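Both complexes shown next keep chain A, but they swap its partner, so chain B is in the first and chain C is in the second.
This part shows the complex of A and B:
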């Protein structure tokens, strides 16, 4: 995928051409039929690219390092060397547990530790002066964090709010992957509605209404709540387009306009 | 060829100038290590992206899933409350593992899980007239190893039953996947191995015991990049069955699956978990589906459904339907798109399990426009089949 070609996803997110997602909260919602992980991979590549000089803090709850390494390698980004040069901070949280499941207090302590780990990492990064490209915090994915916390919604929301303070304090970007279909039933709407409210940009991946196809893997809906900084008004932009995933990236195109 | 020092560029190791000055070589290195063949472990096949597969025990399913069950993944089978077809999948999976001497951990909500091992099927014993089923389009005579097998079958008539079974067992171990004869039980000697661990979930107040067993089992099968020592299988039957002591603890069950997934990822094992998802709250059902790497569901077919009989060919032989929702894709972001996702479970010759694509029966000319397209995935066209 040529980096010069106009990229529908980046246009929708409001990045590219010098602009970054710094200071904004991006929520990626996916479902069982279409995984939204490719959006995270795309953003990872963007943040770690040579032009951007950003730093990435990845809270990996769903996959081990080798998984991301292999995928990003095929997309032209070497995570191992990025990790060594401190542009990527990989927090392996596959086995993250908050001890003392029943007692809410110890879980709070667990979250506090997690947050302080994040905060110290960010302080170290900004002190080093590598903050030119901005810091991006990526959580993959938040439903795993919810399981680790045994569904303690309060703790998770507090943690999220603290992470959001980092976006204003340090100008970090926060990217969160969540699963929309888990929260679509009546008894469990809590987390998703809070996330959708807090997010500046919501990216939803869904299967096509017509079912499976080999050429088009799904559709993306991007809702971008324009930031009202210095503009006096905020404009919501809503875009919908289709995507096809390949090993070395993804193709985005308007419905019906795939080049075969 | 210009040596462009761009990240991720270049064929493996050709441009020496591409390597960075740091002591650590670039991620692309000369492919000498890969040239040496990996030691063959019975029942393990290697694929792309560093994937290793073990057979599910059903050759058709292996083919559908593109190789088999991938080591390091969790396969989830959503049960149908009306029919025990998930047990067919489980039995074939476990029997295949025992034939290949893979360590097995089996947990079930019954009081005596060991008894289930007695129902495992035995591999089909070929006689002279039987030919091993092969992939369509292959000419058996053109393949050398099949020639070898043909010679063996010819000599079979000179050996007694005992000796032929010994030969047959060795042959079975060599093959990646076997057809299983559901009418014949597995040999006793394969069931009395040290490497089989059976756990009953019935009286467990929580999932800690199971988690400890799984952890101990998987710690013996660590995954290191490169060689695979041994492959193990975990089979957990009806994890969320209502009769288990931990049934109401939704978050604990989700937490168990999450840690199982994490443990299996870093080991050379496959976990097959079946669950009657209809008893779970819908949000947790979705959570489990997201946690699974490969997601299948089995569905019963009503015995006397006239509408379905008109719609599908071969309806009388079908015992159930299998739907493939998701196929594991480790180390890659490209989803696996199958030509067809719904298959019928049939018993061939009343003993081996086969999966077939659904074929629409030719529509009677008087009732409407004929569509008669064979091999369609029934779910999108037929309104009566609702998944």
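This part shows the complex of A and C:
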């Protein structure tokens, strides 16, 4: 039942059955009560699975490799061996800091270097030619990038824009995790709104309106904006469903359809 | 009234006046701006391809999407790709806006970007004056330096404003509008990313604005998605389009329509009756009718106007005010297929009747509009 139920998320994202999220930008917006990290874990597993044979480029700003290794191992995916077989490129950015607090120029150079790392990695992968499953770039917490940049929004957006150009040039997917509740209403017009405009798919995780429950840990809202790229058109799709986190993954189900 | 916006973009500017400018704005509550932009872009491009417009060519300044995206968009809707190289150029501010990739290429050997012939990559978006001269250069390269005009489309002024101040962007747009070779200009802005003054400043330098608003207003108190599910779902595929058309004399016409996202592009409809019912129920109860009922509207449509040609078996020709009638008859697009097929022989023996031909975008006969409003004296 578990594998079947997982498809609710994948169906909403438009993956599975030969389709991928290649060329699209996915924004995962979570809040402090319900972390959206499990969506990233799900996508990691999906990208690295035998079925999709994709390559993952993880720009880790929030957690070290061992953290992901432990989680994904429980889900049945060995990150260490994936790393050795070059399917996973783990860019450890935990200590990322752009020197020169005032000097905007230095920060731009810093972001440019970060992007050049990404681009070279992608060029190497595509030259090697075993990326038939597509490349997925994952940024595990964009707010950490903000901290590293000392809150300089424009440069983060420039960096993201460059990441997005990779999606159209190489057909990569870009997955970004962001927090919805750490901005005041004025600040939210900056990064968060811009991100929502940039994203093709917005996944929001929220607690239940009725509060904590034992069987249901929260709800997911997926807004999949139609795209005219690739194989024909797809319409705007809007899905809302509940999820339950388990040791080895998450269960997704429509409200009221859980089997006890 | 989106139709009339398409028309005025097609018709372009009058001698000695600034080019018409359309500002499309949306917000996150109703994020259909790019769909509307694509709609107007496609409409103008197909008019240019069919040589129906004043503009002979189109320069698209692309910030948000890659040039190939726009070419695919036009191809998928059936615009002949062979016209692209002669009539459409994309100024690519998307691929490498700050020149980072360029610098990377210099340090490494680098791979060539495929299929960039239709676009030229602009690598320093912060330099607005260079951008202006480049747009003009590209346009004049397409139409020559003579009297032929071209149109300009900017797919995201919001991105432009991220790299340059409002003053510089406004100057760019008004410089473009006043240029002799520009037929019309339109752009998209995400108004909630900017202060309100930005939208106002851009509205001053536009002749038309198309604002998108959500069909169902979101409840401010309900920040969480879960409490707003229905509204968000509805707003994700339809929105209200408010079109303001500014006349020369300062008069503003406001039209509201509804935008529906369809499988291919968008459909612009009159306000749905669902909303009309809501509106009606919200109106205070009054003694007289403010609106016509469905039946009354039907009846009104059936009234035969004495001064209007009723078509009785002959072709109805809509005179669009631009070409002579004889030319129009050659044009198959403007002709409603005749029922008898023998109208030309019938009319040749006519006794010199005068038919009133209603202008295509004429006012309703009972409108309070000043009929001389449009006159150029």
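Rule of thumb we're sticking to: the second predicted complex is superposed on the first by the 246 of 260 C-alpha atoms of A that agree within 3 Å, B and C clash if a C-alpha of one lies under 4 Å from a C-alpha of the other, contacts with A are read in each partner's own complex, and residues count from 1 in each chain.
By definition in this document, a residue touches a chain if its C-beta (ideal position, glycine included) is under 8 Å from a C-beta of that chain, and two chains touch if they have at least 3 such contacts.
Source: prediction; values computed, not measured.
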item: Comparing the two partners chain B and chain C, which touches a greater set of residues in chain A; value: B
item: Chain B versus chain C as contact partner of A:64, first or second or both or neither; value: first
item: First (chain B), second (chain C), both or neither touched by A:161; value: second
item: Touched partner set for A:144, first chain B, second chain C, both or neither; value: first
item: Contacts of A:182 with chain B and chain C, given as first, second, both or neither; value: first
item: First, second, both or neither for A:128, with chain B first and chain C second; value: neither
item: Which of chain B and chain C A:206 touches, first, second, both or neither; value: second
item: Touching partner for A:240 - first (chain B), second (chain C), both, neither; value: second
item: Residues of chain A touching chain C in the complex; value: 108, 112, 115-116, 119-120, 123, 154, 157-158, 161-162, 165, 168-169, 189, 193-194, 196-197, 204, 206, 208-209, 219, 221, 223, 225-226, 228-229, 233, 235-236, 238, 240
item: In the complex with chain B, residue positions of chain A that touch it; value: 32-35, 37-38, 41, 50, 63-64, 66-67, 70-71, 73-78, 80-81, 84, 94-95, 97, 101, 143-144, 147-148, 150-151, 179, 181-185, 187-188, 211-214, 217, 245-247, 250
item: Contact footprint of chain A on chain B as seen in their complex; value: 6-9, 20, 24, 26-27, 49-50, 225, 250-252, 254-255, 258-259, 262, 265-266, 281-283, 286-287, 289-290, 295, 325-326, 330-335, 337-338, 341, 377, 380
item: Complex contact set, residues of chain C against chain A; value: 28, 31, 65-66, 68-69, 72-73, 76, 94-98, 100-101, 103-104, 108, 111, 113, 158-159, 162, 190, 192-193, 224-227, 229, 232-233, 236-237, 261, 263-264
